[in-house]
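Mind looking over this structure? Questions follow.
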Amino acid sequence: MQSDLRALARRIEPGMRIALPVDYAGVSMAMTGPMIRHGAGDLHLVCVPTGGLQVDQLVGAGLVRRVETSAVSLGEAGGAPCFNRAVGEGAIEVRDATCPAIHAGLMAAQKGIPYMPMRGVLETDLLAHRPDWRVADNPFAEGEDPIVLIPAIRPDIAIFHAPMADRAGNVWIGRRRELAAMAYASAATIVTVERIVDDNLLGNEMSAAGTLPALYVEQVALAPRGAWPYGLWGEYATDVGELRRYAAAARTPQGFGDYMAGFLKEAA
Amino acid sequence: MQSDLRALARRIEPGMRIALPVDYAGVSMAMTGPMIRHGAGDLHLVCVPTGGLQVDQLVGAGLVRRVETSAVSLGEAGGAPCFNRAVGEGAIEVRDATCPAIHAGLMAAQKGIPYMPMRGVLETDLLAHRPDWRVADNPFAEGEDPIVLIPAIRPDIAIFHAPMADRAGNVWIGRRRELAAMAYASAATIVTVERIVDDNLLGNEMSAAGTLPALYVEQVALAPRGAWPYGLWGEYATDVGELRRYAAAARTPQGFGDYMAGFLKEAA
Amino acid sequence: MTAAVHPREILIATIARLLEGTRHVAVGASSPIPAAGAMLRRALQEESGGAPLRLSILGSVEHNFFTNGSAELFDCAGQRRIDAFFLGGGQVDGQANINLVGAGDYPRSAPRWPGSFGSAYLYFVVPRVILFREEHTPRVFVDKVDFVSAPGVSSPHIHRPGGPAALLTGKALFSFDKARRGFALESLHPGQDLAGVKAATGFAFAHGEAPPATAAPGARVLALLRGRVLDELSETYPDFAAQMRSELAALDGVPALAS
Amino acid sequence: MTAAVHPREILIATIARLLEGTRHVAVGASSPIPAAGAMLRRALQEESGGAPLRLSILGSVEHNFFTNGSAELFDCAGQRRIDAFFLGGGQVDGQANINLVGAGDYPRSAPRWPGSFGSAYLYFVVPRVILFREEHTPRVFVDKVDFVSAPGVSSPHIHRPGGPAALLTGKALFSFDKARRGFALESLHPGQDLAGVKAATGFAFAHGEAPPATAAPGARVLALLRGRVLDELSETYPDFAAQMRSELAALDGVPALAS
């Protein structure tokens, strides 16, 4: 199993744009260790639409050049220590966004269009610091009507964790359709799952309704409890104690190093 | 049951913009008779993204002022006789579109934005006859890059047929997500279903994945075999013989009238 | 005789009042007090036979009415299907600008907070945004935020159907006057006085000479809150509900209510 | 000795050749010949150990790889995940413009055809669009279409990664030269001659002096077509497959193949 995960991690090349899901949608924490061991750095992370433990660990491990996100935190366990430290030190670039702007950028990629308009955002400091966002006048309005245009976000690879896949590579994502949006927008998608089932997930309308077709999925690997310490909807709850243990340890670079040493050893 | 359908039909007011699904997605043919008996006319039909028997019958009954569509036909049974006749006579206005433009217009309404850009369509006669569509330069391109902007389509009412709903009004649409798109975009949605189930469709992740939440659904009514003569995915097949019988009858206004008299009598 | 009331019960009851007439309220993932206020409003509307209130709690399974991923909340708000939402902020200023990104010079903010989440959008499109922050100090309520995650008011030519309706803190309730671009003190919570609130607030606000006290919930409302609402709340926020229960048990007068 | 070949087998085998090197082919709902061609290409690629071919047949349950409603085909094409698609038309002209709307003066077209469907988009974004129409008459192949549902070529500044690759009819195969904006005759199907094809075509096209015959499928291809492909086809197009089978049985030489 670990060798499968290492094979997936080898898909990542330095400088790639990697899409990662929000903490409750299905984070492939099982891939974090293999990604760090693989070592491809200079990454541009796209949080869909916010980040947490995985982002913090990849930043702490020095693999990240840029984070495009609407927020990064450990939720109930508090702020993201490595991320906040890297921001304070200017060690990473943050492209601060707002959740629907991330969704809009992915949707533009999904539709094959260069940008999506969205309401809001005008006269914010977010917009002031995003020269890649544009403002244009809505041509359908009678008078002046400025609207923000968000360019397509086209990640190189999307990585997430899901309850199950079938042998053809179809992945069941249930109602977490942001996972499908990530996959549509990304050039490649790699997925870890709790289990691989023999039945064709597209074989009946009930399971097909929640299935991301294999068409969008490059590789699937088995990783039971692969979201831990995050939970996986319908499967298991978040291990808040572990998140707090990490939050406390990672308050210093030394503490982060010690925590990750144990973590990487377990994953070896 | 017929009284429920009549109650649904009373929601329709003259001049409303009504969204109807493509023939294989779940057409509420059960509503066609009650709509004709109710008689609210001057309708603007939005076919998502093409129309068939229901559109033809509503046009034949004289209830339709305008059809916005990418196509209207009876599929294997041939052209849509009343629609084609009305076009030839200039009795209805056709807003010819292309499938992804209809989807784009609904998506704009779903997102609460005034328009969506889309590729293609340039230098077509479709564009030449759609003064409501605009062309703008993509501001993210280096050089000239014209792109079509499709304004939001906001129907007053979406009407479709689905396999099941629960008692809270949640409707199971499976992977026919254009039905959700119609509902998101429309001010109100009314649905007929094969059956009403006691279980909460949002109560487990498997059925929730294919469920349109009650939040978007104004009324649900029971109508077993409510798509007939169309089929319903996962339930029953299209009755092509009946479509052909209709196609043959409706070749003349007299034949259409005779067919519909029998049809409306049955539905009374 | 008035029963003893927990300070958070004042907040919850006030939120329920602010939500009067809403049909669909959305609440962030870790917002037990706004959620409790919305649950109380729902219970009150049900009791009085009013329009049913729908409550979407992000991240909750019990109260998740969405099936189209995390974009659906924003789509739903853009469709005008969400009447009220709650926002907070590391900083809030006198023009109702909110800052969820960080203090000091951006981008090397110190401290850095998580980020703007959906605020830069929802603040524009949800008609009734309630600003809620329990901590009422000059550190939070500043004259001018260091980073505008979302502005309180927009220029006249900007499409903005939504915006701030009220600011509720641990000390007081304010309304927001869009024309004047400023807050007005509506009421002081029990035990607070005007001078204290002024000292705790880094921006100027309008106020009467003798601001009234924030209304305490009556017996009927308290019974609903301590019964049905706490039961509902414990499904989604078990720790918070348990803490409220134990603090309520320690209050004088609670047994009297049960009699 | 050459086995007798059904004219539609020529079409199917030609389509399979035109699809060489594709990874994902989409086919419209009532297009049994293009579907058969794609199935044959898939079988050939599997036999030779080539890259697997994915075939999406719109409206089919067996061959429906989509789970995001009827918009997914267009999204998928916009993502460059569809390599080839088929379009027809009530009229096709010499610049590869297609008309799916109607003949005569729009909007009161007579006859009115169903409409443009997705052509105005897919023709722009799918790299290899194969124009397919069995009926080869001057009524279909006109000098200039009455209504441009989708243009064969776009102005240079227009973003257009896709477009026409070939035109296959019941009489002949043409390639399309984008620079010259015109068709070139590649081959004539068995029994056709240049003069007859010219007379049946309302537009001018480039051609050699003695155009070759469209290649007939060899024994290996025919065996696949009459075996596996017809079996697969009968799941989605039972009537068409049954008709092919009975017509094949009536052909001379078919028994010879089975030996």
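Order of writing sets the chain letters: A, B, C and D. Residues in each chain are counted from 1.
Methods note: a contact is a pair of C-beta atoms (placed from the backbone, for glycine too) under 8 Å apart; a residue touches a chain by one contact, two chains touch by 3 or more.
In this text, all values refer to a predicted model and were calculated from it rather than measured experimentally.
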A student comparing A-C to B-C should find more C-beta pairs in contact for A-C
Chain centre separation in whole Å, for chain B relative to chain A (CA means): 36
Go ahead and note the Å separation of the Cα centroids belonging to chain A and chain C. 30
Calculate how many whole Å lie between the centre of chain A and the centre of chain D, each centre taken as the average of the chain's C-alpha atoms. 41
So which bits of chain B are touching at least two other chains? 107, 111-113, 118-119, 145, 147, 175, 180, 208-211, 233
So which stretches of chain D touch two or more other chains? 66-68, 74, 78, 125
All pairs of touching chains, each written as two labels joined by a dash: A-B, A-C, A-D, B-C, B-D
Chain B residues touching chain A in their complex are 104, 107, 111-119, 134, 136, 138-141, 145, 147, 149, 151, 173-175, 204-211, 233-234
Along chain B, where are the residues that touch chain D in the complex? 22, 24-25, 48-50, 69-73, 75-76, 79-80, 83-84, 87-90, 93-94, 96-101, 103, 107, 118-126, 129, 143-147, 175-181, 233
Over in the complex, which chain C residues touch chain B? Could you list them? 24, 54, 64-68, 75-81, 125
Contact set on chain B toward chain C in their complex: 109-113, 180, 184-185, 202, 208-216
The chain C residues in contact with chain A across the complex are 29-30, 59, 61, 66-71, 74, 78, 100-102, 106-125, 147-151, 154-155, 157-159
